[in-house]
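There's a structure below that I have some questions on.
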Amino acid sequence: MSEEPILQVKNLSFSYPEKKGVLKNINLEVERGERIAVIGPNGSGKTTLFLLICGVLKPHSGKITAMGEKVEHNRFNPRISYLFQSPDDQLFSSTIFDDVAFGPLNMGLSRREVERRVQDALEKTGCKALAERIPHHLSGGEKRMAAIASILSMNPEIILFDEPTSNLDSRNRRKVINTLNSLSQTILASSHDLEFLLETCEKVILLDEGEIVKTGSIRAIMGEENLMQSHHLEKPHSLIHSLHIPHSHG
Amino acid sequence: MIDRYANLDSPLHSLDPRWKLLSLFILILVCASVNSPPAVFFAAGAAVIIIILSRVPVRFVFHTLKAPFILLIVMIFFLVITSGGRPLFGLAFITVYIDGLRMAAIICIKALSIMLIFIALFGTSRLNIIMKALSYFGFPRILTGLLLSTYRYIFLSFEDLEKLFVAARLRGLTLRKGIGNTGTTVNILATLLVRSYEQSERTYVAMYLRGFSGEFRTLEEFKAKPIDHAKGSALLIVSALVLFLEYFLRLKR
Amino acid sequence: MHISEGVLSAEYVVGGYVAATALTAVALKKLKKEDIPKVSVMGAAFFVSSLIHFKIGPTSVHLTLIGLTGIVLGAPSILAVLTGLFFQAVMFQHGGLTTLGVNTVTMGCSALAVYYAFSQVRAKLAGKKTLLAAAGGVFSGLGILLATLMVAALLALSSEAFTGMAVFFSISQGILAIVEGVISFLVIQQLLRIKPELILGKSPPLTRLHDDR
């Protein structure tokens, strides 16, 4: 492809004060519109990587470029969004409407544009009926969809999903999958729900102990039983052909 | 929660929130400031009519008033036996004073009026709408924003606290014992504070990622109709009447 | 710990609001944007904690945790006190709207006084955790007494007839001061063990969003 990658991570390293080597020399290129799964055991650095990409954390060394610009620490960039693991972290306003409008309002958009984007985002996530509700009164699934709406309203180009299906029942998990598949944005998703990733992503990055162990086609890598097991992961059931469990698409 | 019936339909529910806030807040202040019986009784009558107009269920009103009134009565009891002035009767070492009784009655009726109007104000609008009306009057948005996000997190903290109590109970402590047990209470408090602290860090990141610059912005959507002006003015006239009763009678005396 | 609706006369209601507005304005001016979620989330936690009934013998008291609020939040604690009192009024009709100003001033000043006293000894006692926690406990207890004195003085000043009531009030709050002091001491001790930055006020930059929870 002649087009420049939308996201480029070069020689990225990061440590927390009390934990060294959380990420070690990460290199990564993502094309526009790609959907990338990020897998790895707990503590492998998935969330840290996401927080670095969206500018919350400052790299110790290395460089992150998104949409042709260097990602600056501590500068609001609505083009890159991050979905928290827990929607309770994401939703801090007293109504869903206010929460979804929070980003667009801070972007300095006109009242009309804000309203349009909020309605749009609520519609895309099926949250229209929830607009005036307070987050506390929503179910886990509703909260998750509302949290997704609150970032979609900013029209980001890259979305980082951190465990978007955790604590969801199968119906709501399906909703998240369908919503994700309907998006045209570039997506990075981390999850322990490998079946979910198989349904939404084409490529995968396997992280362990702060290093990228392997990248490639999601079916190929997840299908390698030995590789998966050596990083404390399980080969997804839908890829175990001997069991003849047919793989279904949404 | 006080705004449980905020979605009903009544003359008060439909009143423009800015008018509602302004006129009822003034009425509350007026109620607090008068002391003569005619003014106090008139205000109480107005408060009762307002709460009836608001269609907030009577049972809910009683339920809401119960706890603060018990507290008030306890305080008032001490007033009645310690106020001094003309004694009404004595029982053993307790003397009940007429002046104390009179004051107590006035305080109770005033408190009742204030609480009823308070319910009519906060019970007929959602909190976020009242906050928007507040910022319309120049109340700092940062404060309304703080109030609203505190509101959101009170529910979350409460859930956390309940879970911590359940966890303590599972480890063999009954709720009653748990509450009286200093060690458990301390552990629960400390855990709740630490969790909230970590929560606040994540919340800041969530706000930062959506462009938070220390200001809360909102979309205003108020439209006052002639009927709002009429209703609001009528409520202001009630306040004026209460003040008139207070000061007119005082001048005559 | 607060004055009920209907008790105070107009001058005190208005005076309380004026003083509370001044205090709030100063706090807002000093508030950093990073601290805003801290005030709201921690404020909510303190509010919820104050709902715990703590049993002593046959009676039970509500903790106010005013001193602890001051120690943990510092100068912005006045905002947490204001929001806490507001929600006490809105959710339980305790306190109230007309007394919100006065109550914010008495409780807020108490929180600020505890914070100030504690910050004086914090650096000196940083190495001696038990002593530091004990200081925090003592200050918290004294903070309750300070708020009690202010409330009692206000009651007594606003009407002579309230003097007796003010005395009874003060006595009952004396017990609370002791309980608060002890609980604050223990909670501070615990926090110094598990999350010292909450007490020592040296919060590191936002670098510890846990990878897995």
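Note that the chains take the letters A, B and C in the order they are written out, and that residue 1 is the start of every chain.
Just so it is clear, a residue touches a chain if its C-beta (ideal position, glycine included) is under 8 Å from a C-beta of that chain, and two chains touch if they have at least 3 such contacts.
Remember, it's a predicted structure, so these values are computed and weren't measured experimentally.
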* To do: Sort the chain pairs by how many C-beta pairs are in contact and tell me the top one.
  => B-C
* Structure fact -> Outermost chain relative to chain B, judged by CA means, is A
* chain A to chain C: how many Å between their CA centres? -> 40
* Asked: Roughly how many whole angstrom separate the Cα centroids of chain A and chain B?
  -> 42
* To do: Please work out the Cα centroid separation of chain B and chain C, and write it as a whole number of Å.
  => 19
* Asked: Using the touch rule from the top of the page, what residues of chain B touch 2 or more other chains?
  -> 127, 149, 151-153, 156, 199, 202-203, 205, 207, 212-213
* To do: Would you pick out the residues of chain A that each touch at least 2 other chains?
  => 51, 56, 86, 92
* To do: Would you give the residues of chain C that are in contact with at least 2 other chains, written as numbers and ranges?
  => 37, 40, 206, 208-210
* To do: Within their complex, state which residues of chain B touch chain A.
  => 126-128, 131, 148-149, 151-153, 155-156, 199, 202-203, 205-213, 217-219
* Structure fact -> In the complex, the residues of chain B that touch chain C are 1-2, 25, 28-29, 31-33, 35, 64-65, 67-68, 71-72, 75, 78-79, 81-85, 99-100, 103, 107-112, 114-115, 118-119, 122, 127, 140, 142-143, 145-147, 149-154, 156-158, 160-161, 176, 179-180, 182-183, 185-190, 192-205, 207, 212-214
* Asked: Where on chain A does chain B make contact in their complex?
  -> 51, 54, 56, 74, 76, 78, 81-82, 84, 86, 88-95, 98, 101-103, 105-107, 111, 114-115, 132, 134-136, 150-151, 154
* List of chain C residues in touch with chain B within their complex -> 4-10, 13-14, 24, 28, 31-34, 36-45, 47-49, 51-56, 60, 65, 68, 72, 79-80, 82-83, 86-87, 89-94, 96-98, 159-165, 167-169, 182-183, 186-187, 190-191, 194-195, 198, 206, 208-210
